[in-house]
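Letters A, B, C and D mark the chains in the order given here, with residues in each chain numbered from 1 onward.
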Amino acid sequence: MRVGVLTGGGDCPGLNAVIRAVVRKGIEVHGWDFVGFRNGWNGPLTGDSRPLGLNDVEDILTRGGTILRSSRTNPYKVDGGVDKIKQVLADQGVDALIAIGGEDTLGVAKKLTDDGVGVVGVPKTIDNDLGATDYTFGFDTAVSIATEAIDRLHTTAESHHRALVVEVMGRHAGWIALHSGLAGGASVILVPEKHFNVDQVVSWVERRFEKEYAPIIVVAEGALPEGGEEKLLTGEKDAFGHVRLGGIGTWLADEIASRTGKESRAVVLGHVQRGGTPTAYDRVLATRFGLHAVDAVADGDFGVMVALKGTDIVRVKLSEATAELKTVPVERYEEAEVFFG
Amino acid sequence: MRVGVLTGGGDCPGLNAVIRAVVRKGIEVHGWDFVGFRNGWNGPLTGDSRPLGLNDVEDILTRGGTILRSSRTNPYKVDGGVDKIKQVLADQGVDALIAIGGEDTLGVAKKLTDDGVGVVGVPKTIDNDLGATDYTFGFDTAVSIATEAIDRLHTTAESHHRALVVEVMGRHAGWIALHSGLAGGASVILVPEKHFNVDQVVSWVERRFEKEYAPIIVVAEGALPEGGEEKLLTGEKDAFGHVRLGGIGTWLADEIASRTGKESRAVVLGHVQRGGTPTAYDRVLATRFGLHAVDAVADGDFGVMVALKGTDIVRVKLSEATAELKTVPVERYEEAEVFFG
Amino acid sequence: MRVGVLTGGGDCPGLNAVIRAVVRKGIEVHGWDFVGFRNGWNGPLTGDSRPLGLNDVEDILTRGGTILRSSRTNPYKVDGGVDKIKQVLADQGVDALIAIGGEDTLGVAKKLTDDGVGVVGVPKTIDNDLGATDYTFGFDTAVSIATEAIDRLHTTAESHHRALVVEVMGRHAGWIALHSGLAGGASVILVPEKHFNVDQVVSWVERRFEKEYAPIIVVAEGALPEGGEEKLLTGEKDAFGHVRLGGIGTWLADEIASRTGKESRAVVLGHVQRGGTPTAYDRVLATRFGLHAVDAVADGDFGVMVALKGTDIVRVKLSEATAELKTVPVERYEEAEVFFG
Amino acid sequence: MRVGVLTGGGDCPGLNAVIRAVVRKGIEVHGWDFVGFRNGWNGPLTGDSRPLGLNDVEDILTRGGTILRSSRTNPYKVDGGVDKIKQVLADQGVDALIAIGGEDTLGVAKKLTDDGVGVVGVPKTIDNDLGATDYTFGFDTAVSIATEAIDRLHTTAESHHRALVVEVMGRHAGWIALHSGLAGGASVILVPEKHFNVDQVVSWVERRFEKEYAPIIVVAEGALPEGGEEKLLTGEKDAFGHVRLGGIGTWLADEIASRTGKESRAVVLGHVQRGGTPTAYDRVLATRFGLHAVDAVADGDFGVMVALKGTDIVRVKLSEATAELKTVPVERYEEAEVFFG
């Protein structure tokens, strides 16, 4: 039995932990061979692969990123993509694939299974927005990094009587903002799921200043003010197209400053949130996902994704897994509001 | 409405986060008064209390330990203890209690409820051994600290061709050993749930050395060798009664050294695992527990404990909560064995 | 004897450690009284002060920011400022001042000494650009935070074949860029002291990609391209005047992307660098500065600043201390070039 | 030109950073070849070596330990050791050696230079006890790790009204205890340089409890009570000979408990202090040491060691470098006493 492994989409702490667990269990328990396809779906499309043995995965558990590199290539947008993949798998003698990735990567995995290729998926999304699993690895690391930054910003804010707006990842789902805001003791948390009222934000900020503390506003990159969508979405871009860098965080710091007369600054955490060594939580989750993905392959149970339900790793249909975005429910957001201001 | 809060048992990162959430929601949403009872059940026994207002909990989210301090006092082992508590609550006008603690503290909470005092429990155990909740706060922090130590020890072990035995907390349940061992890439993990065979441990250690790596053996303080129970349990104590300090970790390092001829050292992580600022994960969990404990009090739903089930906070009967110890299931342990050696 | 303490300028990890050491030694060894003036020189100008006793400084060693808060108020720009200060000191019975701050704060300290007020200075600059001391506290913390961010970004860059530009603090001196770039294994380090040649930067970046690694470019916020000064300095500001947020880092990422055809992203670390708990190094240095500042006051040795020379804390004249900016010497920068590309 | 590199003695964070800097500068600037000798002086004794190219040092900057591994082999205690080394160097065409190590390693380096082998030394001692340099790499990392542990222990101590004794490294010099104790806000610091009076320690501990705080006592492993030397030195060993594990820390916790009636616990940090990724400070220092060692070799300036003096890297004679142990001066220790109790 020869199994191919690939990682697709944005990188995420824990990818290497999955790869290590897959290779270790596949070899030690089942005696399989492994090939690592490089750069996401580009690997099986072009045949770009490397052998993956025990030595290759010895030292990678704690490393961020992915030793297989990644891409956003979609074989269904490439002419004859599926046939090319089938040919490469046949040429390299690969019997099954383990695809580690987010919505896009798993969407391809689903279609390929329908088209006769045996694929098991491992969910990966730093944003925690995949519906079929309680959590994915990478999310805890991102929340930890954002929380540590918020911890640091509190004292700066207070020493200077400043409002600090911290823009975190989350284009469509506010999980990182919600969790890091709760963990960091934010005075306001803003998420894409609920358009915010700037007057309300300003009143929380002023209430916070009145208590002799300085407000920290945690805002997801995809959060938007009520009625203010167009303004931001059509905002000027710099030469490199970075709307987001001067995006909602900076815009909001400006609004707060002009409405309260207090100094306000924005910090955009950016890529720091998704790199580096995974937290212990993410290493354990990624490792368990890898071990269970091997079980699914061993069972010939393709078209599924491993998922966390409570403390168990289960299998869910890939069709179900990618059906809808998991956003922050209104009750979770409202629960947090007790800490605002 | 006036609500009392107390923390009992061993300290645990996240206790202050619970207290903050309780006070914040109780005051902001319900307009309650709060008193903090000091030193666990000793507080309501003796009337040792302090007011708890919003200002008292402003700065405590990130702090380890508990601002209410703790003790292991059991009012059911004190003459007339329950009556004293009832009198103190009556004198101080306290209508309900929120008790944050482990098995012992919650056991008292259950009995007090049966005896007519309204108590809501919040589970706390760094060892993750309470059956009625998926996780408790403090566990993630302990695992993170142990994992960071293991990360550091790898390079020392390899530079010196040494075996390193890391003794972590877990007298009856091996959760910290299992998770930190998985996250830290341990070569062997030993837990109280399964008596280990020293020959087997030695063969994993030797296999690891053969690969040109150095073994890290993570051992829970309560793990025991097959047939070796008495030996360890009746072992000499130092003047201060610290059997554990020279406990299983040191014993095992000695065995490995004498059987393999390789240098072996033990590191006993000890109290470092339970102190200091909680991880983001634990802060969120502790905060949510606190918010939901207030809901239970508001509902007059006493004799329950808040618990994590998947991603939800639910309520379980205190009787159920303390019914049995949650140990590492055999399949979780066997799953990890693929990484041994 | 009654001594006033104040903190001026931008906040910096270690300010509280100085305050603690000053108060502790002043009270324990000399039996002095202390008043803390709030908000930098604004405190002695307006009389805004608080008593500072042992209890006030018990818990502050590890906290970032300053319990005395800060400002950039300059009493020499206030009508009758010096007389107001003298009056406040007389009214409050303050015999001497310990002023903790950077170039501006210490410049005022110098003038006040000339005008007859007894002041001892403690140097503080996160940028490490004060000439009369080997290092100041806060710098090590800033370098550590920037280095940790760079560590995290390496794996993201490599997983995606991207160039990542990390903009760190340093408007006039490139010390943070130099040290964090060396510590983080940057492929290019750019400092304000030497205008950079974009073609040269691009060739280092391309060389790095050729080695199958991804380049990290660390750039001080004040670094500028050769001949490109005006362009950046007259660049568009957003509504809030944040030129820097879309400053040199973003500009450079854009240039690299358009010239190499590789994805390039900028990360602006911003205020995260100056907040939060100080490193052990900074806590020790700040503590020693505080202890020696008390010695200077006890000796009646005013108009001086404490400074680090090798492993010793010495005193230097304030006039000398603020004479010139300490920039990165050309040989230190050239030494680092061996790691470029 | 072909240069050999080796690392001797106990491992220390930063060794790999030195190796990387040496190889990078030697190749990029001078075009030299490098061989890495394995396991300290055992490498040139037996010819056990590996080539060291740019690729070998690409990824090692952040890694603790040493890719060349280490030993305590002393060729002057091996029959014909020096001749063997000369033969190996001749056989492998090695023109000069860079030896990274502590007192023992550098002592051999000195003798070999006297015996006609060109050696440049790089000082390494986690204990900071080498007289000829202000600091060595590894020390800052050890202090940071110990300080982080002390930070964590404060809240545990206070929650339980306990005294906690933290035993840190330092057999002959108390630098780690002094710096981590200052940085961690210890209530008592005990160093090998000054035998301590137990009554005095107990009175500091009691004073601390009276203030409603819990004492943290930081003790170097080599610290001893007045008149109590024999007792400890002849103390029972466990089967593995670990006197230290139940050493001064445990002994002192016992004394404190029995004399104050308060719970007291000991934590022995052990090997965790010397492993893992170096701090930014240590990476910069190690890197600069490596760069300057190459300069010395290029100048043919053998028999010297690179050293830190203030902010400069200088060269000192190896004879001078190993002349005497640098211990904590009495005035540095007394300065810290203001924080005791």
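Following the convention adopted for this analysis, a contact is a pair of C-beta atoms (placed from the backbone, for glycine too) under 8 Å apart; a residue touches a chain by one contact, two chains touch by 3 or more.
In this text the structure is predicted, and so the values were computed from the model without any measurement.
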- Task: Name the chain whose C-alpha centroid is farthest from the C-alpha centroid of chain D.
- Result: A
- Message: Need the CA-centroid distance for the pair chain A / chain C, whole Å please.
- Response: 34
- Centre-to-centre distance between chain C and chain B (centres being mean Cα positions), rounded to whole Å: 40
- Message: For chain C versus chain D, what separation do you get between their C-alpha means, in angstrom?
- Response: 29
- Message: Using the touch definition from the top, which residues of chain C touch two or more other chains?
- Response: 148, 151, 277
- Message: Going by the touch definition at the top, which pairs of chains touch each other?
- Response: A-B, A-C, B-D, C-D
- Task: Would you pull the chain A residues touching chain C in the complex into a rising list?
- Result: 10-11, 15, 63-66, 69-70, 145, 148-149, 151-161, 164, 238-240, 242, 245-246, 250-251, 253-254, 257-258, 264-272, 274-277
- Hey, which residues of chain D end up touching chain C in the complex? 21, 24-25, 28-29, 58, 61-62, 134-135, 140, 143-144, 146-148, 151, 179-180, 182-185, 211, 213, 277, 279-281, 283-284, 287-288, 291, 309-311, 335, 338-339
